[in-house]
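Encoded as structure tokens, the structure appears first; notes follow it.
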Amino acid sequence: MSQGSLSRVFLALLKRDLLLAFRHRAELFNPLLFFVLVVTLFPLGTGAETRLLQTMAPGIIWVAALLAAMLSLDTIFRSDFEDGSLELLLLNAHPTSILVLAKVLAHWLITGLPLMIIAPLLALFLGLDQDVIGLLVLTLLLGTPVLSLIGAVAIALTVGLKRGGILLSLLVLPFYVPVLIFATNAIEMAMSGMPVTAQLWILASFLLLAITLTPWPTAAALKLSLS
Amino acid sequence: MMSLEVRDLSCIRDDRILFSDVNINLFSGQLLLVEGDNGSGKTSLLRILCGIRLPEQGQVTWVRQSDDQKSSIAVHGQESYAGEMAFLGHLDGNKLDLSVTENLEFSRSLALGNNNTIKDVLERVGLEHFDDLQVSNLSAGQRRRLALARLLLSGAYLWILDEPFTALDKKGIAMVEREINAQLEQGGLVIMTSHHSVSFDNDKVIKLSLSQ
Amino acid sequence: MKEFFYMGGYGFYVWSSYAVAALILIANIILPIYQRKSMLNKLTKQLERAEQLK
Amino acid sequence: MMKFIHKTASPPYFYRLSGLWIPWLGAITLLLLIAGLYGGLIAAPTDYQQGESYRIIYIHVPAAWMSLFIYMAMAAAGAIGLIWRIKLAETVAVCSAPIGAGFTLLALVTGSLWGKPMWGAWWVWDARLTAELLLLFLYLGVMSLYVAIPDKRVASRAVALLALVGMVNIPIIHYSVEWWNTLHQGPTVTKFDKPSIDMRMLLPLLIMAVAFKIYYVWALFLRVRVELLERERNTQWVKELLHQSKEA
């Protein structure tokens, strides 16, 4: 297989998944809506004291993003599993890990990117400093793809199961902790005027690690789930 | 010349031994008909042969042989084998929200490919007038035909078909038999299961019975 | 002796720790022993049933 | 070499061998535990800072060590099972999880029991305790995944895969929790990690650590035997075994 055809397959799969998502436009907004709803609940639960919300804002936004990302994971492989096209994705001359990467990228464009776009609005809701909103978006840009990539491993392990819901959160959330820690920490540090390059580099290296390491276990797990 | 060699294959599912010591030698131009009752492990066998499922024991080897050289590879975990094999399972593998043509375009980009055009194969499976329809608007039989059109586009040497006649009408069955014959004629290999009785030249057909 | 159990005022914490430890460690031994016995019983019965059918 | 491994790893052989080992493993564990407990509870002198409460470390620290050690063992066994397709290795990985989860829970509870008199609260977001809590979630994930997949052969391979992914992540989780902890100025307790160099204090700790390791092998063998019986119930060797036990 030449390199050219591999990138062609990658793009074809990406295009197919985006097209399918576009034909289900109504579902596109579900994770987004969930994200906004959870963030809205916090001021109602803790009281709308500005100082309190301000200090908690990075944590609230990131935890909500984490949960929204987790809830949307199921759509990565579910429909392909149900209609049998997942088998075809495994049984061809192309390395499954690359195809997995294309699917995860499509999934992130559909679910992760919108979170990033709406986040500044929510940051304003919670009274986050305007100076750090850019940084918040940057942490989401670096962090949410990691969530999708790690989530793909877990969802690949559970895609064959009828009820994977709670199990999925148990499998996924502990692995999300490092991203949560460094992303929120970066924003908090920036709020008190400290440098955050270290945190950003660490998030970037998480992303690189996840891109290179997770496609293999995902591919292996898909094969297991189909056998 | 291609051939598939199966040695001492056994399979256990949910603690039950489905079959053991299965040996097969299948050469170019031959069809393997797998027979057996429900639950005898036909589907499991096909899934092992196409490389999705790991066998409990035994080996499956894909042998390519030309005039001067011979190469054999173990089936499991080899992408080069998966490219030369096309699988049709119980599920059609079509995306319901894509049109017939979009489905085929995508499967073509996955496969090794051959010279057949999408228009050609749609004509051969009798879907030429449905090319821009979404698959969700097709009947079960038409969806099965679309899945078969995918095989014709794949350019694979080996077809592994699990109940290919499901949901097809008489014409459809005749069409599939015709295409299988053509595939064998070209030197391809076919492995299939079927509840229907099939009419093929006896000298091409090898039967394997899984019932004890 | 009393002093030993009193543990300088920390008796409750120290002895609960050791009690929990004993509980968990013993459970992880007793459970599989019991499971093995019931498994052997179950399998023997299955085998007898299968042999009667023959 | 491979031949030897395959022979030892064959279920009937291992079943017989482990049956012979189990009484000895139990005896050694008990002896070591008695020695360790005597050393820790009676022989070791009182700590001048923490008083008698420090004696909890003889449970807590070895349990925390074991919780990580067993996860590593589980991942290693899982990798062996995945690569060479050795059934026994898969079984070892699966059976390690509940034992490891037990030690993790023990480390958490004893940590909390030690923390109450020291910090005045049952739970403090200390780096070690938090990491240990996350480790417990990892174990629970492994265990529930195994229960959820009906085909046990597939389930144990899934578990092996998950354990491997977890193995790569544990150091990352560990360091990020430590980073988080130092930045939030949580309570850090160095005393707890490094017991005084007094040999009478250190020696029992080491004995307890060894005792727990051998205990792990003991409990593991017991579990693996049950699992093997269940999985191999249709094979000849299990049937022969049942006949023998019936006659006896």
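Every chain is named by a letter (A, B, C and D) in the order it is written, and numbering of its residues begins at 1.
In this text, a residue touches a chain if its C-beta (ideal position, glycine included) is under 8 Å from a C-beta of that chain, and two chains touch if they have at least 3 such contacts.
Please read all numbers here as calculations on a predicted model, not as lab measurements.
Peer 1: Would you mind checking the shortest number of contact hops between chain C and chain D?
Peer 2: When the steps are counted carefully, the minimum from chain C to chain D is 1.
Peer 1: Going by the average position of its CA atoms, which chain sits the greatest distance from chain D?
Peer 2: Relative to chain D, the chain with the farthest C-alpha centre is B.
Peer 1: Does B-D or A-B have the larger number of C-beta pairs in contact?
Peer 2: Counting C-beta pairs in contact, A-B comes out ahead.
Peer 1: Approximately how many whole Å separate the CA-defined centres of chain B and chain C?
Peer 2: 53
Peer 1: Provide the C-alpha centroid distance between chain B and chain D, rounded to the nearest whole angstrom.
Peer 2: Measuring from centre to centre gives 47 Å for this pair.
Peer 1: I'd like to verify one number: the distance from the centre of chain A to the centre of chain B, where each centre is the average of its C-alpha atoms, in whole angstrom.
Peer 2: Comparing mean C-alpha positions, chain B is 37 Å from chain A.
Peer 1: Centroid of chain A to centroid of chain D, CA atoms only: how many Å?
Peer 2: 32
Peer 1: Spell out, as numbers or ranges, the residues of chain B touching 2 or more other chains.
Peer 2: Each of 54 in chain B touches at least two other chains.
Peer 1: Residues of chain A that touch two or more other chains: which are they?
Peer 2: If we look for residues of chain A contacting two or more partner chains, we find 227.
Peer 1: Tell me, which parts of chain B touch chain D in their complex?
Peer 2: 12-17, 54, 56
Peer 1: For chain D, which residues are in contact with chain B within the complex?
Peer 2: 85, 150-153, 231, 233-234
Peer 1: What residues of chain A sit close enough to touch chain B in their complex?
Peer 2: Residues of chain A touching chain B: 1, 8-9, 12-13, 16, 19-20, 23-24, 79, 82-85, 87-96, 223, 226-227.
Peer 1: Could you list, by residue number, the parts of chain B that touch chain A in their complex?
Peer 2: 47, 50-54, 79-80, 82-87, 89-98, 102, 105-107, 109-112, 150
Peer 1: Name, in rising order, each residue of chain D that touches chain A in their complex.
Peer 2: By the definition above, chain D touches chain A via 82, 134, 137-138, 140-141, 144-145, 148-149, 154, 157-158, 161-162, 164-166, 168-169, 172-173, 176-177, 179-180, 183.
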